[in-house]
Structure formats: structure tokens, C-alpha cells
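Note that chain A is present in both complexes that follow, paired respectively with chain B and with chain C.
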Partner chain A sequence: MTSERRPSRSSETTHRDDPDQEWVSGRRRFAADIAADTSELLHVAFVLSTEPHARLLDVDADAALALPGVVAVMTGADIGLRLFGRSLRDYPVLAVDRVLFAGQRVAAVAAEDPETAHRAARMVDVSYEPLSPLYDLEDVFGEHDVELHPGAQGYEGATDDHPFGNLQGADVVVDGDVDAAFAECDHVREDTFVFDRVHSAPLEPHACVVDARGEHVSVWSSNKVPNRLRADLALLADRAVGDIHVHPTNIGGDFGSKAAPYLEVVCLLLSERTQRPVAARMTYTEMLGTTAVRHPGRLRLRTGLRQGRIHAHEAEAILDGGAFAAIKPRATRVVSILGHAYANYEVCVRDERAMTVYSNNPPGGHVRSPGEFQSVFAGESQVDLLARTCGEDPIAFRLRRTTVPEVRGILEELRAGVQPWGGDGPDVGVGVATFGCRAGNGESVVAARATSSGVVLRVGVPDQGSGMYATFRLLAAQALEIPREAVHVEAIGADETLTDAGAGSSRVTAVVGSACIDACSRLLEELGPPDPDEGGGYWPAARLERMGTPEVSVEGVGRNRRGEAAAVKPTYGGLALQVTVDRMTGQFVIRRAMLVVAPGRIANPVGFRGQLEGGFVYGLSQAVLERLVVEQGQLVTASLGDYKLACIGDVPPLEIRHVRVGAETEGELRAVGELANIGVAPALANAIDDAVGVRIRTLPITGEDVWQALRSVGQEG
Partner chain B sequence: MGGVDVDPAWPSIALTVNGRRHEVSVPADRRLAGLLRDDLGLTGTKLGCEVGVCGTCTVLVDGLPTSSCLTLAVQVDGASVLTVEGLAAFPELAELGRAFVEEGGFQCGFCTSGQLVAIAGLMLEQRLSSMTSEAVTEHLHGNLCRCTGYYGIQRAIDRARR
Partner chain C sequence: MTLLWRRPTTLDGAIEELASDDAAIYAGGVSLVLLMNLGLFEPATLVSLAAVPGLAAVTGDDEAVDLGAMCTHARLAADPILRRTHPAAADMFAGIGNVRVRSWGTLGGNLAHADPAQDPPVMLAALHGTVSVVGPRGDRVIPVEAIAEGPLSPALDPDEIVTSVRLPLAEERSGSSYLKYLPGTKDDYATVSIGAHLQFDRAGAVRQARLVAGAVGPTVVVLGAGSEVLTGHPLDPDVLDALRVAVRDEVNPSSDRRGSADYKREMAGIVAARAASACRPASARP
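Up next is the complex of A and B:
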């Protein structure tokens, strides 16, 4: 056994030499690649509960331990109740006395190779006493005496307001007396929208390597919030924070999935016990069954018009949060579902309420636009229904009621853009939707160092797959007027010296990007103004030589706090889709799409376009193809063979247009990562209605749904 | 990485990977992806879905795109395997890599090895430029990308076809 501490692999490949080539040469390394060349490594496979709700009677690992190559088995009884959670710590690292969903981690096996670990995991004999389950909202609100978290008040993060035992959380936005406002309306409509479960589904499965030999712990992980991972590991493995080094690691896609320490705590404890480095990598079935799913549920919208204006709006959302609240970051334990329907229009009085409940299903988490996807579907569908009821053109209806200049510009561009699409045959329709995206709250510090050979930006945020480091390089090159090749981004992983909120919530470009710009202006304060004639492009080299110093180091800060005057402004978008519907089958084809956005400053044109294109297809995939089927608590679509993601043959032609409203927006960095995906479902539902006159209020939207709707009104082919 | 002697059969196989000949002894249930990644250290080939759907593990076996997650190592005895690490040996593929960078053909990069290998298979057989774009698209149905929406990949292929 070697005691040599492995170097930070990621720092070897953090865009220092040839950042572009790394991506296309196979040299870009992810957490599982660190494992592949770590010597003395043990591989961990988890034993997952087969029961959705049961008392855990016994975990018999004798047979597994007898298998040659198996080194250790760890159970909940071995380590006791260790709870993780982002705002509420209710999720045990390993189940101790009960399991609350099929897929919950019950035990872990460490073996010399992955095949043996998985074989041994299947040999662990777990005895369960099944308990009454709560499978869906009807069960939760039906007659029963099942309380899934009887000790909820004792969880760290629990709030006093806890009206009944299966409530995960509640959220309210009220700005007036909505009943009085409805009484003043001359037209009111109510619609209930229902959405099924979908999965974040990044292609890289969660993976980690943990080496806890000796005093210090080294961690390589696909986790996107290294600072919190380190704090969680310290707390849950009884280690000092300073003992834990979370190395920067590339992440193969996130979409909300990679923020919880599903694997790392147990790997740390197993590494301590075995005195070997330990690795785990989820199977894709484990990904689909145990990591972030979008909350299924329903959203009832009631909206009233008074003399043509939107006078009263009421929303009530009920969401299935699954077995644990742990992977949701918001203190309300409710995803961001309120305030997004009708967000772009003038509404006199709002009354919006949401609740999340516990069930014996996989835990709900933050999937790209965690609540916006559902609420914009509902809101922009109902806006269309109101327009049709009033006999108004849907674009004109929106234009008359929007208060946002950017949305007005977007709608006018869409109207001009779709005009040539019109009159294109029977059963062809066009639908539109407007939407917005706000950067999440957070603060980040970036350290910048100018040397004779280039500028190094040290960042805490990991690259979760959006290509953000390329954006940072471009921002610094522009701010300092130096070649992009002279800027290097160095990821540092978890580090108490650099504040960072991690990747997520569409915050990185706006918050960390602003920190990069701030750091560059501080560099300019130290170095003096740029002079590209000095030093052949990279002018700071000559400047430093004249100053008689080898380098200059500074720190820059970026932050966003929604609601404050200086908060990052929203990005707005609009989408138009043209569809053809086959009345014989209900099948529909999206013939073309036009996405119009009002961007702020576009720091990285390739990355910006990629977020819009990728967001559009992500939304398309979740609007029409994806459905994570869980029946009686059991995952049915348990592989990517059954859980369909959009492939290259599924994407329609997409035109992207930009509109500029006011010169003051040119310089601001805004969020774009969770923009385009939320418009697809409502634009599609509106287009289908336009084509064949039926309204789909459920997600995903399938041909069968359309056919059933046509059949119900006698309009099928 | 060492295996465990639970299976009496640890067959020896010989294969060529990226032009280099290897003779290895592997457990009978080791898959080609495991052989490449764990035994030969070629981690450019990624493991995603492990059911032959996502395409992140695509390699060329005797020129044909193959899911290395579903192929046993013993099945490639005597074969020639090309992985993403081997593409640099073909100057005619350089433009494809550049086009992926410049056209936004990737974001997180996890699927990129499989995409490049699948397209390179067509280019090395000089089929890409004569195929219809529909046929190229169909060829890539088995290479999923969750980030880009495929438009950047399509632009990169269009450049490589020229």
C-alpha cells in the first residue's frame, strides 16, 4: 500500500495548457476517471431497499462477506442515524430502522473490483416488515394514520409551522384580497394542470473517490457544491472541516441532480475502516431511482378578467415531494412554483399557495427550472385559453397585458417571425409562450493573479457542464484587453478562502462572472490602464517588469440577492412552435420552432447559444418524451432504454432571434440556463389547440393524450 | 486494477487498441469498457447508461461503432479497437475536433468521446461526405447528448462533411 497522496487530477487538466483540445481528445477527466487509475482502490456498491415503506428488521451480510474479494460491508446499524439535507436534514445516509422508498440505501459493500461489489450487494439479505404506503397525493390526503416522519420536529432545519405530519413544506404569495377581486371580475376561468415525474438525467452517473487514510481526507466527486460537500462530510463523518480536501473535479452534466452527498459519506467511512481509497459510481438505474426527480403534482389556476384586464389570480399547487425533503435547498421545502404563472403580465391581485407532501416515492429535487417548468406550462396555457375565450389573437392578448418592455419586444418579434408560417394546411397550428429566468441568490469570490505569462483566475465553482470556464476566460480577456489564450482558469474545489455557493440556479455566469469582472478591474487598478501595444498582446508582462514585481494578486466579488435594487435582472424569452397533428392517431410533429430572447450582455456567444439550444431540447424532451414511471412505489422506467431522452433525430429546426430593449441592458450579465426549457410545453399545448381545437393540461404531452382529447369531442380521424 | 479469482476462467486475449497490441488476462465477465478504462487506463471512453442506449462508451471495433458497455472483453479477442484517444493519429479528423469546439458541439463533454468516435467511424471509411444528412442523423440516434440539443453537433458534422 502506498501512502502517497494523489495529486489533484483536475488541476492537471484545468484548462492550463490547451483547454479546447482537452474536450475532444478524451483527456477531460471526471470523477470515475480518477477512480480508474487509483491504485489499491476498493469499489463500493450499495444495497437498495426493495420496499417502498417497511420496518427494517435485519441486514444479514454474512454471505456477502464470505465472497472472495469482499473487504467490508457497512449498514445503518453500524454507523447509526446520520441525516443529510440541504435545508432540512431528514435523509439518512444509510437506513437505520425504516425505509421510506424503494431505492433507499440500506447497506454498502466494498470489494476489490466493481463486479464483485455488485455481486456481493445482491447477496446481502435484508428482512423487511412492510408498512402501509402512501403512493400518491390521493393516498396522502385520504383516510389513513400513516405518518412517514413522526420525528420531523426534531430534524435540523425543522420549522414550528407543521400542520400535519406528512407535510414537507408550504409557500404562500399573497398581495391582496383575491376573493374580493374575483367578485369584481366579469370573466373567470379555472383550470387544473397535472404533471408527471421526470428526471434530471445528466449522462454522467454520480461518482466519487474518497481516500481517508491517515489524518487528511481527499475527495474527488461529481458533486457540484464542493464547499457544502466538505461541510457535510465533516459533520456526518465526525471529521474537522480542515481535514477534508475536496479536489476540483469536472462534472458530466448536472441539471439539478448533483448536490447531495448520496455516496460520499459512506465512502469516507468505508475508507476510514478499510484504510484503502474507496470509489463508488451509481448505475443508471440508481441514478433514475434515487436522485433528483421533478416533483409531480397538480396546479390549479383561477384567473379573472375585469374589463379585459387580469384582475384576480389564484394558484394552488400540491406537489409530491417523495420520501425526503433533503435534496431541496429552499427553506420552504417547496420548489419555485409560485409567481411564475402570469409573471410577465399586469395582475391586480394575486393569491398563490403551494404545499409539498411526503410520500413513499423517490425524493423530489431540483430539476432544471424546478417549479417554473410546471407553472409556466400552466400559466401560459391558461393565458392562451383566456385569449381564445375573449376571441383575441394569443399574441395580441399578451401584448395588451404585458408590463415588461422586453416581453413586448419579444412578442412583436414572434408575431413578425411566425407570420410567414400561416395558412400551411389543415391540422397545422402555431402556439406561443413567454417566460423569464432569474439568476439565483449567491455570492462568489474569485482570486486573480497577473504574472509575466498570463492571468490566472482561481474559482471555487466547479464546471458542472455548461462551459462556464470558457466564459470566465472571455470575460477576463475582454476586461483586461488581453488574448483569451493568456487567461487560465484554475479550479480549487472546496476552500474556505474563496466564498462560493456552488453551481446551480442559473447563477454562475451572473454571479461568478461578475466576480471575474470585479477581479479584473482590481487588477487594472494595480497595473494601470491597458496598453495592448505594450508586450505584444499580453501587455501586463511588460508592465509588471516595469513595476519591478513578478505578479499582482487581487480578489473580486460577485453577488446576487433577489429583490434588492442591484439584483441581476431577469432574462426574458418567447417561443413559437408550429405543429401538425394527425387526427387518426393523435401523433403530432413539431415542424419548426422560433426562440426569441432579450439577452443582457452575451459574454460567450457559443456558450450562450448552447444554453438556449440545449435548454430548448431539454424542455422538448421533458415536455413530450420523458416520464419516470413509478408504480406502487417501484421504479418501472429503470434504464435509459425505458426512460426516453431526446436524441438527435427528435429535434426540429430552431431559429433563434435576439431583441434589444434599451441600451442600458447591454452591459449586464444575466441568467440563461433555465430559460428556454420552460417555454416548450405551453407553446406546444397552445399549438395543438390551435391545430385541432383540443386542450392538453397534462405533462408530458403525448399523442395518446391528444387522441383521447380528440375522441372525447368526437373530432378524432 | 486487479480482479478477483472467483471465476475459474480468466481467459487471455490479444487485441489491438489504437494501433498498439495488448495481451491481457481478464475475468470472463469483464466488459470491453472495463478493459479499456480499468486495465488499459483509457478513460476517454465513458460509462453512462450501461445498456447500450446513451452511446458515451462508443468505440470502433474493426471499424464498426460498438457499445463497449455491452461487449465482453473476450468478444474482442483478435480485434482492432479504436477509442477517442486514438483519433489524434488521423490528421483527417482534426477538423472534426476543431469544429466541435467552435460550433458548440459539447458542453459538459461527457458524451463527446462517443459522438466523435461514432462520426469518425464514418469519416475513416470515407462515407460521411456521401451520406445524406438524414442518414448521418440516423447513424447518431444512439449517441445521446443532454446539454447541447444536438444543434452544435450537427453544425460540427456539417463542417466536417465539407
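Up next is the complex of A and C:
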């Protein structure tokens, strides 16, 4: 490896002071703030394709280059085909000969100020020859000879099983002969659920600053996986990994959006070319049109009962993956949509299959609970329908069939909790759903150093806005029996010396938190246990002095590998909603909500509650309010004025309760980030059915859907 | 491109500034700056009316109340005169958008933006409001419902300035209401909105009705047929249902993310019936 001479780390992005309050005080600094303080900076604006599917004939930048203040224009022809992707490299940094969705980056303009860059980007004249598009699943599976990725087999990460041209990936979970099992059932029902596209919608748009003057490259970016960003930049910009320093940078929200190098590669190349530092920041229209969307598609569930037991379950999911698979991390190129419906119940035989297909739409990504959101909606909706078939109360039906002690405890608590809600007049209903959240796979190393003034935890994972560093500090303070103020978290950005899988997949608390605890226990091995006679407080100071050493350094490891005995156990939840429905308009109002959680160890009570409340609101917003409209490949809801997120007035009163099942759960770190959001849609659909007797099988659930459903059965007001 | 900022201190000065090419009035900027940020509107000069005296007052006499064009929505929502004379209008202002919009957006800016989904033109047209406009070719007064020619197309010349809105005082035995149907977020634009002003006779029958709909056409729509259905009748269920049908058939909405055209038509009828019902004087309500 090349020798590294890193630029000195500026104090602006290392978190040596109490950082926890900065999130709410406005003092926290993000990539765009770094840009504001960088002199000689150039600003980049991208030229986005206006065509959903076209051959790229010509990119004429003469007019843009003639605009005063424009320094450089970069096109795909300039840099050639450079493909990025998490498990499949199929996404060009800049389009070269074809565009596959409206919004794809075609060229980049660097200018002295952002306004000039954007103005010049609008002046770049791109000539297209439109090609036949595939807009939706009907198109993809219809009669045509369109192959969106004819060279798919040559992509890095490509697999051999490629039954047809526009398949992104497939996934299967089968544990028996489902046809034989269905033949033994005494009742079978089949339902198809359809879900529309929603956006990850983090508050902070993607942003970066790249300085490639000289020998080394400095990068500040909102990317949540700094180690992979560095490797990607090295690969795609033909640089040695050791040349690239990804500085620790705060991230203002992620929700699955902040993992792809949409901006950074081009900024690096433009910085090399211009010998100026270069910054880019997406507009929110660019965010909505080009960054992670939840996969739209459909999920057909067929489930059979035999003597009251769930005997056979079949699922078939078809998802629109959009123009590129690149931003999905799973090797299957299918979001985690299988195995979640009926996950909390005893099912004799399962046969679940899913596929993702290419289309000329914005690429699908891993939006908070990427497939669980859709599949738990379908599964927990169908559980209610089966309960109705059996003439059983929905909670009792679930209680009789769950195999999970935590879910049993949650259902008992929900039953007791909603009992006082009952009898509240006509067109009022209650719906419940149960669900679970598992920490993702990954490994992280945390370095801990005890000095006379405090303990420093060095971590690779960036705080994406969840306040995870506050959790690490609390964990260390508890493990070492020292004041929280004596623990400092130092973010290091990308660094090959500390393994880190980045933020995501509800992994951070369980994996990095465990690494913090492991590091602290190793510190205790070195220092010896705290001694009450030493007077408490920050006791390691006196201990180090007695040991005659200025500091002690150790490393701790945390990991999760699903399927292993030591894997992090799931967190379970249950949600009950009470709604009233206006039969004349179909409008429904959620009057109250109760979320019951069976948690592991609650390391940071404020952060824990924040994840539950935030998850609930996120789920509510996506279940009811959000819809990213793309018509004929063109983004229609192109601003936050049209793509509406929940506001505070939309949030009903939420009561949160905990249940404990087994004393051992109190010591285990588990996942919670992608728990609460997935329960809202099914609980709501179940509540609406309970109120007015119509079943909504589409997401988002709107008043117009309910009105249409009431009309179709002649039950409107 | 350089954007010039002008802050005249007289109305004549403002009119003069507006004579320059691509000049636009800045009266809060809520909608204007949004359009500029989206690159849809690129004025060369912004003329702020903030320093022009006399545009931000609410005054009343024994015939009407005058609302200054530079009053913010928040100011009007809390105005003691308006709350007394036209409480339904004050409530309408209190329900616009969100607190940020209400704190920056102004009445004149709102009307001149000519967006048929905005709240003020619907309610103020129902209340027989008139808009005072000044310009280099003289002053004129136009009904609130006539201030828009189409979506974002005001019936104003670029150098004309809205100075105030005049609302006649309500007659005896009358009631007003404004209802907007918000099936999405609470700070969204309405899927359909209805402003209603009804005058009753001593027997409780409607003597005169004025219903105006928002968000269901290119401009706000004065519901002639709907008003006719009510006139001469008490607000009994049959009459309200006839109103629902008449309004449903009178409006011409288009489909968008807030609802299909069919749905909006049906909702316009339902909301109109509810708005009319809410106009009953307190003593006449069941």
C-alpha cells in the first residue's frame, strides 16, 4: 500500500466535544457547511436526462461553457463508462451512449457559484433519439423486444441465473411442497396487494466537497458508508485507496438514501481537472427524481388453513427496480420482502418467490424497511381477513397462532390497551398488526483509549442523524462506571484500520454498540475493575497514574451474522390504531395509536423513543400521505410542495408501552430503527375494515380509495 | 444574472419601479420565491412593498371593512376588527398552509398569485369582496373572483398593485363558512374548498346565497346553480342534497395527486352542502 500522508483532521468534523446537543442547537455541521467554508470552491450542477429511454446522440456544452463563471463541463464521453453499484455495478457515473430513466446524470457543469452552475446546466443541449420505454410491470411483461441492459452479464457482480433479459434479480424461500400442503387445506384465500412508489426523503440533500489538488484527495460527503465510498472513488477515479481521505462528516438523515456515490466521483474528476476544490449539493427535485425510492410492485399472498392452523403459505412478489440495480446492497437484487408475512406465526409449509425487474423508472433502493413495509402490510392484512373467515377476533386469532413469546406478550398488552377504546360509535374501528425488526449483518471494530482526561471511542460509522454517538457514550459510561461526560466519540471517516460496515440495516446499536461494550470490557481488563474506595467519578485517571502509564488503548469487536447462534435477536412490536371513517367522503382519521414493543436493552431511552416515534410517523406518512408520482417515466411530484410528507398536524396521539418476556432480554442490544414504521399500513387497513367493512389492498391508503371501495359495495354515506 | 432589489417608500414610487422590464412585486415572497427557486420565474427586479405606507392596515366603517394588501395571513387571522365583522374569514386565514406561510404570506400577494387552490379568494369572493388596484393608468375596483383569468394568470397588468380588499359588512340573519377538504396532509392545498355566505329570512329560509368553490377549476368558481338551489328554501336535508347534486354537476375539476376529477366533483358537492349547513345562524341550528 502507498504510504499515507493525510491532511490534518480539522476540528470541525471530529466530535471531541459533547456532540449530542448539536443536533438540536443548529451547531452541527454538514457537508454543505464544509463547502461554505472552503475557499476557491467550484460548484457542480448536473444535467439530468429528460428522456426515460433514449440513445444519447450528442451533448453540446458550447453555450454553457461560454457563460461567464463556468469553468468546466464534463460528459460521459469525456470519462467513459464508469459503473458503480453495491452488489451489481450497472449504473454509469455519467451516461455514455444511452439513458435509462428521466433524471439520469448526463453531464456536469462546474462554475464559480451554484446559480451559474445550474443556469449553465440548463443551457447544455443534449440530443436524444427516443427508444421504446418500459414504464410499468405490464410493459415489462408485455409483448416487446426491449432489453434495457443487453450487457448485463458483463457487469461486475452479475450472476449466471438470468432467465430473461430485464430481470434484476430473484429470491426464493421454500421449505416444502406447498401444492401438496394446499391440497390438505380446508380453507384457502388469495389476495393481491399493490404498492406505489415512495421516497426515502431524508431532510438533508446529498452533498459533498472533494479536493483533489495535489497528491491526495480529501472528501467530505453525506455518504453513510465511508469505507465503501473510498473504495469506490479509488476504483472509479483510478486512484490508490491510500490517496483518498474520506473525512468524518455528519449526515442529516438517511432512510436508505445515502449509500451511493451519485456526486462524489464526478466531483473528484472535476477537481482533478480544474485543480480546484469542488462541491455539489442536490436540489430536492434531484433528490426526489434520482435517489432511493421504495420499490413499487405487487405481492400476491395465498394462504391455507387446515383445521384452523396456517398450513400452507405462498407468496409471489414482483417489484419494479427501475433503471438500475446498483443502489441495492443485497446480492439477490431483491429487497427483503420474503419471509416477513406471517413471520410471527406458525406456518407449516412456505413457498415464497420474488423478482425485481428493470424499467425506465427511477432506481429502487433500500428505503427504511425496504421490503418489510410492503410484505407486513400484505401479511398482517391477510391475517385479519383469515380471522374474519374463521369468525375469530383478530387479536385472539393471532394469539392462537403465534409461536413467539414476545408477540404473545405484545398481543396481550394490546388487547388490554385497546379495551377501553371500544364502543365509540358508528364507523369507528380498531385494527392491529404485529411485526419484527432484525439487525442486519455486519462487523465493526471500535478503538477505545483511556487517558487521564477521559475515554475516547474511535468509530468508523458516521452518525446519520439518529444520535448513535450519544448511545455509544451511554454504553461506555455504563460499562466503565464513569460519567457520560468523560466519554468522547471520535469519528474517523474511512479508515482501513477499523473495520466498519457503515450505517444501515438497523445494525448500528447492536453491532457498533456491542463493539463499544467489548472495547470497554477490554479496557477494564487492562485497568482492573472500578474500586468504590477510589471515590467514583472518572476513576481511570488515578488508576493510570498508579499504573505509571499515560493511556491504555484497546479494540473491541461487534458483529452480527443472521442464522448463527449468537445472532442478534429480533425486536418485536405491535400496533393498534383506532380510526373513524366518514362514509360520504371516505376520509379516515386516526384518533389514537398504541405501540407495544418487546425491546432488548434500552441503552439510550431518549434515542429509543425517538426511533419508535419517528418510525411511527415515517410509516404513517408513507402509508397514507406520500406517493412519488412518475408518469410515463417523468417525475410529477417534483418538489416537497407536491410530494407531501406528514406534518405535525397529521400525527395522532401515540402511546408507547413495553413488555418484557424473559429477564435475559434486558441485557441484549437489539435493533429498533426499522420497527415501528412497518406496522402502520396494515393496522390502518384493518381498522378501516373494522369500521366500515371495506378492505384496502393498495398503498398508500387514501380517502378516495375508501370512498371507491364503499361505493363498490353500495355502502357510501 | 443580477437581481435588483427595490424598496420604494411611496405607492407612486412603487408604480414607477414596476415600469422597468421584468420587474415583479415582492409582497412576502411565499409563492414568488418558490417559483424562482424552481427556475420557473426569473424577474430582473423585485419591488418590495414593505416600506410603502398604508398597505398593512385593517379599517372598518359602517358599511365595510378594508383589509390592507400587505397584511399577513397571521395578522388577519388575529385581527380584532375582522374577527368581529367576519369571523369565518378570520378562521380561514388562521387555517392557511402552516405557521411559516401565514407569517410571511400577504393578502395581496396571495390574490395576485391567482392560484385557484388558495384559500383567501374563495372565502373573500363568497363574502362579496372587492379588490382595489392602482396603476399608472388609474385606479380600479374588481370583484375578488375576477382577479384571476386562469391558473397563475392574474387579471392585472405587471405594473398594477393590489392595495386592499373591501368586504361589505354582513347583513342581518346571515352566516358564513369556509370549509376545505384536506384528505392528505394538514398543510396541503385543498382538494376542494367552499366559501359560503347565506342570508336567511325571518322564517329561516335562504333569502340569498353565495357559494364559491376553490381548487375545482382554472379559477375560483362562483356556484350559480348551487346558490339558486338554496334560494327560497330552508336548509333541510332534501335541499342540501339537491345542493350537493347541483354543485357536483357545476364544477369541472381535473385529476391530480389530490384526487381524481370524479372524486373532486363528488367532494365539491358534499363540502358545499356541509359549508351551507354551517352557515345557519346559531339559533337556527338543531
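Criterion: the second predicted complex is superposed on the first by the 693 of 717 C-alpha atoms of A that agree within 3 Å, B and C clash if a C-alpha of one lies under 4 Å from a C-alpha of the other, contacts with A are read in each partner's own complex, and residues count from 1 in each chain.
Definition applied: a contact is a pair of C-beta atoms (placed from the backbone, for glycine too) under 8 Å apart; a residue touches a chain by one contact, two chains touch by 3 or more.
If you're wondering where the values come from, they're calculated on a predicted model, not measured in any experiment.
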{"item": "Touching partner for A:G641 - first (chain B), second (chain C), both, neither", "value": "both"}
{"item": "Which of chain B and chain C A:S25 touches, first, second, both or neither", "value": "first"}
{"item": "Touching partner for A:G649 - first (chain B), second (chain C), both, neither", "value": "both"}
{"item": "Touching partner for A:D424 - first (chain B), second (chain C), both, neither", "value": "neither"}
{"item": "Which of chain B and chain C A:I251 touches, first, second, both or neither", "value": "first"}
{"item": "Touched partner set for A:V629, first chain B, second chain C, both or neither", "value": "second"}
{"item": "Partner chain in contact with A:E525 - chain B first, chain C second, else both or neither", "value": "neither"}
{"item": "First (chain B), second (chain C), both or neither touched by A:D37", "value": "first"}
{"item": "Common ground on chain A, meaning residues reached by chain C in one complex and by chain B in the other", "value": "119, 639, 641, 645-647, 649"}
{"item": "Sites on chain C touched by chain A in the complex", "value": "1, 34, 38-39, 98, 181, 183-188, 257, 259-260, 263, 266-267, 270"}
{"item": "Residues on chain A engaged by chain C in the complex (per definition of touch)", "value": "118-119, 122, 285, 584-587, 625, 627, 629, 636-637, 639, 641-642, 644-647, 649-650, 702-704, 707-708"}
{"item": "Interfacial residue positions of chain B with respect to chain A in the complex", "value": "1-6, 27, 29-30, 34, 37-38, 41-54, 56, 83-85, 87-88, 96-97, 100-104, 106-113, 116, 137-138, 140-154"}
{"item": "Residues on chain A engaged by chain B in the complex (per definition of touch)", "value": "20-21, 23-30, 32-33, 36-37, 41, 67-69, 111-116, 119, 201-205, 250-255, 281, 283-284, 463-467, 606-607, 609-610, 613-618, 639-641, 645-649, 651, 654"}
